[in-house]
Amino acid sequence: MGCVQSFREICDRQKNTNVRLSLPAVCFVWQTAMIILFGVFIRYNEESDTHWVEHRKANNISSDIENDFYFRYPSFQDVHVMIFVGFGFLMTFLKRYSFGAVGFNFLIAAFGLQWALLMQGWFHSLDYTDGKIKIGVENLINADFCVAGCLIAYGAVLGKVSPVQLMVMTLFGVTLFAVEEYIILNLIHARDAGGSMVIHTFGGYYGLSISWMLYRPNLDQSSRLQGSCYHSDVFAMIGTLFLWMFWPSFNSAITDHGDGQHRAAINTYLALASTVLTTVAISSLFQKHGKLDMVHIQNSTLAGGVAVGTAAEFMLMPYGSLIVGFCCGIISTLGYIYLTPFMEKHLKIQDTCGIHNLHAMPGVIGGIVGAITAAAATESVYGREGLVNTFDFEGAFKDMVPTRQGGHQAAGLCVAICFGIGGGILVGCILRLPIWGDAADDNCFDDESYWEVRDEALHDLGGVQQKTCLLWK
Amino acid sequence: MGCVQSFREICDRQKNTNVRLSLPAVCFVWQTAMIILFGVFIRYNEESDTHWVEHRKANNISSDIENDFYFRYPSFQDVHVMIFVGFGFLMTFLKRYSFGAVGFNFLIAAFGLQWALLMQGWFHSLDYTDGKIKIGVENLINADFCVAGCLIAYGAVLGKVSPVQLMVMTLFGVTLFAVEEYIILNLIHARDAGGSMVIHTFGGYYGLSISWMLYRPNLDQSSRLQGSCYHSDVFAMIGTLFLWMFWPSFNSAITDHGDGQHRAAINTYLALASTVLTTVAISSLFQKHGKLDMVHIQNSTLAGGVAVGTAAEFMLMPYGSLIVGFCCGIISTLGYIYLTPFMEKHLKIQDTCGIHNLHAMPGVIGGIVGAITAAAATESVYGREGLVNTFDFEGAFKDMVPTRQGGHQAAGLCVAICFGIGGGILVGCILRLPIWGDAADDNCFDDESYWEVRDEALHDLGGVQQKTCLLWK
Amino acid sequence: MGCVQSFREICDRQKNTNVRLSLPAVCFVWQTAMIILFGVFIRYNEESDTHWVEHRKANNISSDIENDFYFRYPSFQDVHVMIFVGFGFLMTFLKRYSFGAVGFNFLIAAFGLQWALLMQGWFHSLDYTDGKIKIGVENLINADFCVAGCLIAYGAVLGKVSPVQLMVMTLFGVTLFAVEEYIILNLIHARDAGGSMVIHTFGGYYGLSISWMLYRPNLDQSSRLQGSCYHSDVFAMIGTLFLWMFWPSFNSAITDHGDGQHRAAINTYLALASTVLTTVAISSLFQKHGKLDMVHIQNSTLAGGVAVGTAAEFMLMPYGSLIVGFCCGIISTLGYIYLTPFMEKHLKIQDTCGIHNLHAMPGVIGGIVGAITAAAATESVYGREGLVNTFDFEGAFKDMVPTRQGGHQAAGLCVAICFGIGGGILVGCILRLPIWGDAADDNCFDDESYWEVRDEALHDLGGVQQKTCLLWK
């Protein structure tokens, strides 16, 4: 008896979910570091500085409406909703991990966007005259994009890691993101407006690799909590729909002014519509009585938006967008039906939200579609100026041709995959250290580990009963 | 005993909700058809094409910000939210049909908008030089509008039809919509910015006629499920509020640039505010203890936005908007209290969401308000140029005068009603065929017919008990 | 026995929650008054009138995109979402007052914005040539802002007052708001873009003073209902996130075109991000096992947006925003832990939503930050023109200097506090009259007082049981 107890104590010590010291310490120290680094490095750019009025006159800009703010702010707010409500609520589907889903998503996004402003700033927005990073609305969008990569990764480990681990994952994720983004966009000169490669492929494989490193052989001990209840599925639909509706803004947020933003929005709108129909078709076809599965509707309907990300700004043509969406709805839903169980059983990758089907695979498809579309671009379709503008064949790359651009796109995709897998394994090693306060195998997917849960009904009940009665909520 | 069983078997065969073949077949075939038709017909318009930069220079457009994208995209995204979250969540009020509400809404909207781009394109955006439909952001908005008509109709038959029936309803609904819209806007030259006639009147009567054709005399067998529970009512308020908040964008999305959009937004904002107060007043006044009814708050508060749709771009004046909203809040709420039960009992129209009170009646009022406001327009109020711009007295209609325009508006309203009722009866006939997989009378309003529902608690219980325990969710 | 009964009857008469006459009467009469006043006073301004096209030509405005509508409409819609979904859902956290939270919020906001258009119009938008108030999109935003002040006050008395009392509170609240706003912005010439002083400080102290006047010594009789349940906490997160995400639009909605809006959005975005981390840190640090408290995450994460309101348009610098957010997360969370219980016990202020921690204190901090930032402004940082534009050193105030502006800012803060406390005490006196239909002490926080609640499960149970079973919802 005493033996069992002492064994348990050791276990409890090993798997102590008390983060009372580590979480506040991480938050305080890192936030303080952010303040110092922002103080040293970050300033307003010329469009958000009070000197704008002089800049405007000096550059013959006729009106305040030409400030980049008015081109991008509506899209920025839509992207912002996707990051916090979209990703946050999409993960509330678990019957007893809604606080963790929406709350930790909130925490790591809020930290990640600060770190992203710095990391991306050093690579892209550094003003060499005074050594400062100059930020405007486009930087805010890019910071949100960068955070999206980490939130995708969170989907793979949802319910199995502590908030401290998530912070570490975000710190490294943002850092890796900024580096791979610089390599792909600037050195390789690939185009990736909606981030199929840079965001989704990277984020997907990053999360899957971490999940592989943190494999829990006895996770079935938490299986009673690893499912949805009726209302948690409806909450998750809030996330799905806000992601789905605002994805045209996501893919068009940082594309070229004018036709670039316009075309990216149209392509994404169409791809997503097409995905919904094939997702429904496959979901119904592969269930015994033709019933639809909410998991597919919540997730696979979004795959078209991921897959059209890279090519959204190209002349993909409306029917091209529909075809991309058509294929991705099928592939993503089949992934949920066959691939996710296979990966858990044989590859030891436990993917809570199925990010492989929603982000990693469609991201790779998106990269390939982008490469093909770029390689097939012709002056007759794009027009001379259109070709140069769309693919940015200027400066050091003024001699590029579409076919070569296609090769560069493919190279960019490879870099994203490598960074995702490599970075994930590295970070996974760090997260395996027994110091982070993650829950024991029989205690995953449970908000009570990290949240005050007040439902009095629960306190009247004890032990295992306590968990099964959650179904009544 | 064997007799009873064989009878039941026949019933089950007649009312088999298994859509495992029909639903995937419809989705795949129709989506493939969309891809082919899009390939043949649909291209980017000059503002979303890479040739925009040349077009801009040729037309002396000084800045990318003049691209229609920046005039309409914020409104488009708001309308998009209304279609998917607004309509979807508004219908989640039923205690056990939330998946169907939000999920089937998602499916038919995603299909409908593709078909709408084609149908409306053939009528309005066909470029006769090359036989292609050229699309931009305004077409996306119009496609969403067209879909709204079908989603309104869904409200009348919510919980009583199969997803395959909904797809058929949407296919015909969009087709009829495009034709009546062309007749009303182009041939009759009525103005209908917010679609009081074209969207709400048509959609309302279309749905009511279908519901009349599909009358279920024994629907009370499902009465245990035809109500809300506490949390499903809160979910429905998400739909209500997003519709209410973004209605100014709905009514101003395709009005004239500049003052047209500005005025439409103001009028709608005011009409909706006024409606809330009279809805609350009537709801409280007609209940025994003055208690408010969530059904009224969820629905009637929106009637003002419907009724101000046609006249929103006219010089309705702020007080005029308030008056419209004032009246509609009263009429719509009284409709829920008296008319809906009357229609069900005596006219055999079972209207699940009360779309007659929220869309059909206010739509008709909106058409009348539009006719009166147009007929009363004067040059002293509008200014010479303002009159021509607002009513589009140009081209073939350059000799129109306001009084005659009022007559045309009234004619437009009649066309909308006729198309709604006629089309609904026609489509209702088709939907009565016993091949569509709709549920039996005692099995309506139940997600388990078409969705995998995982609540384990339910599986421990059997028979009727299973249904009544839903209240605990 | 008869004695007890007659005593109860008196109590019931005193505390009769039947508002069947008073609520409809207030709604009808006040809405009718609005129509009349709008008819007499309110017209479209030159940018929303059909004469815009002539105005445009006369003023050499090159394009419709220069209409203020396109500068402010996206922000307006975001603010609108904050008012109705943000404030509404933030208050749904109570397990059995979600209808009242979101429904009464809806009612009073819809009334308040009409009255605000009039009150603010008389002070700010009166055209002296014809005695009319000319409205455009900026007036709609300001009306929403004005309403925000009253909704903040609602947070303090949530669950303890009747809808009629809320209407009275809003009528006086809007009136007081318009007066203090005029004094602070026009007479004192303080700047307050995001309304730290004008909206949050005023609204906070207004609500707290009313709550103090309406102190209920026996409120613990309703303590069984004064808490959250699992799903109501998730609903509240919808409110939190929409407030958090759209706060940059709130603070930038009415700032100067161009860099003013741009900078305000950036500062708010950063301050809010910083607040999240310190809120999490303090929440975890002060709980026994380091568990996070949803109350803090739902509320304190927003404090940074409040505190950066005044200074958002100034050159606060990105790191300055982070510092403001850092401090406010700490102060606000500590407020929930220590100050709210203290105020309830010793100061007799029962603050249901903790608005003192979310609005009043951060509002005061925001006022102070604004004063310091203004006083520290220099021409070298702002540029000559930038300084004049940002602080509006024009007209009667063309001789102002930053240091004096700092003093004026501080004076503005004092006015806001005085109006809040004074107005709240006055209105609280009125609301203590026993005619308003508020609930008895043992019946607070219960939707059944004012709403038809249909959960059948409840009707099978009686007495106290009825209340405790709510936990199962």
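Here are a few things to note about the model shown:
As written, the chains take the letters A, B and C, and residue 1 is the first residue of each chain.
FYI, a contact is a pair of C-beta atoms (placed from the backbone, for glycine too) under 8 Å apart; a residue touches a chain by one contact, two chains touch by 3 or more.
Protein names from UniProt, one per chain: A, B, C = Rh family C glycoprotein.
Given the structure is predicted, the values throughout are model-derived calculations rather than measurements.
Overlaying the C-alpha trace of subunit B on that of subunit C calls for a turn of 120°, given as a multiple of 5. Interface subunit A/subunit B: under half of the residue numbers present appear on both copies, so the contact uses mostly different residues. Spacing of subunit A relative to subunit B, judged by their CA centroids, is 33 angstrom.
In subunit B, 62, 65, 70, 74, 231, 238, 472 are the positions where the chain touches two or more neighbouring chains simultaneously.
Remark: subunit B residues 62, 65-66, 70-71, 74-75, 78, 227-231, 233-234, 237-238, 241-242, 244-246, 248-249, 257-259, 261-263, 265-266, 269-270, 272-274, 276-278, 280-282, 284-285, 287, 289-294, 297, 301, 315, 317-319, 322-323, 326, 381-383, 385-387, 389-390, 468, 471-472 touch subunit C in the complex. Remark: subunit C residues 18-21, 23-24, 27-28, 30-32, 34-36, 38-39, 42-44, 47-54, 56, 62-65, 67-70, 73-74, 77, 80-81, 84-85, 88-89, 92, 96, 98-99, 102-103, 106-107, 110-111, 113-114, 135-137, 140, 163, 231, 235, 238, 449-457, 472-473 touch subunit B in the complex.
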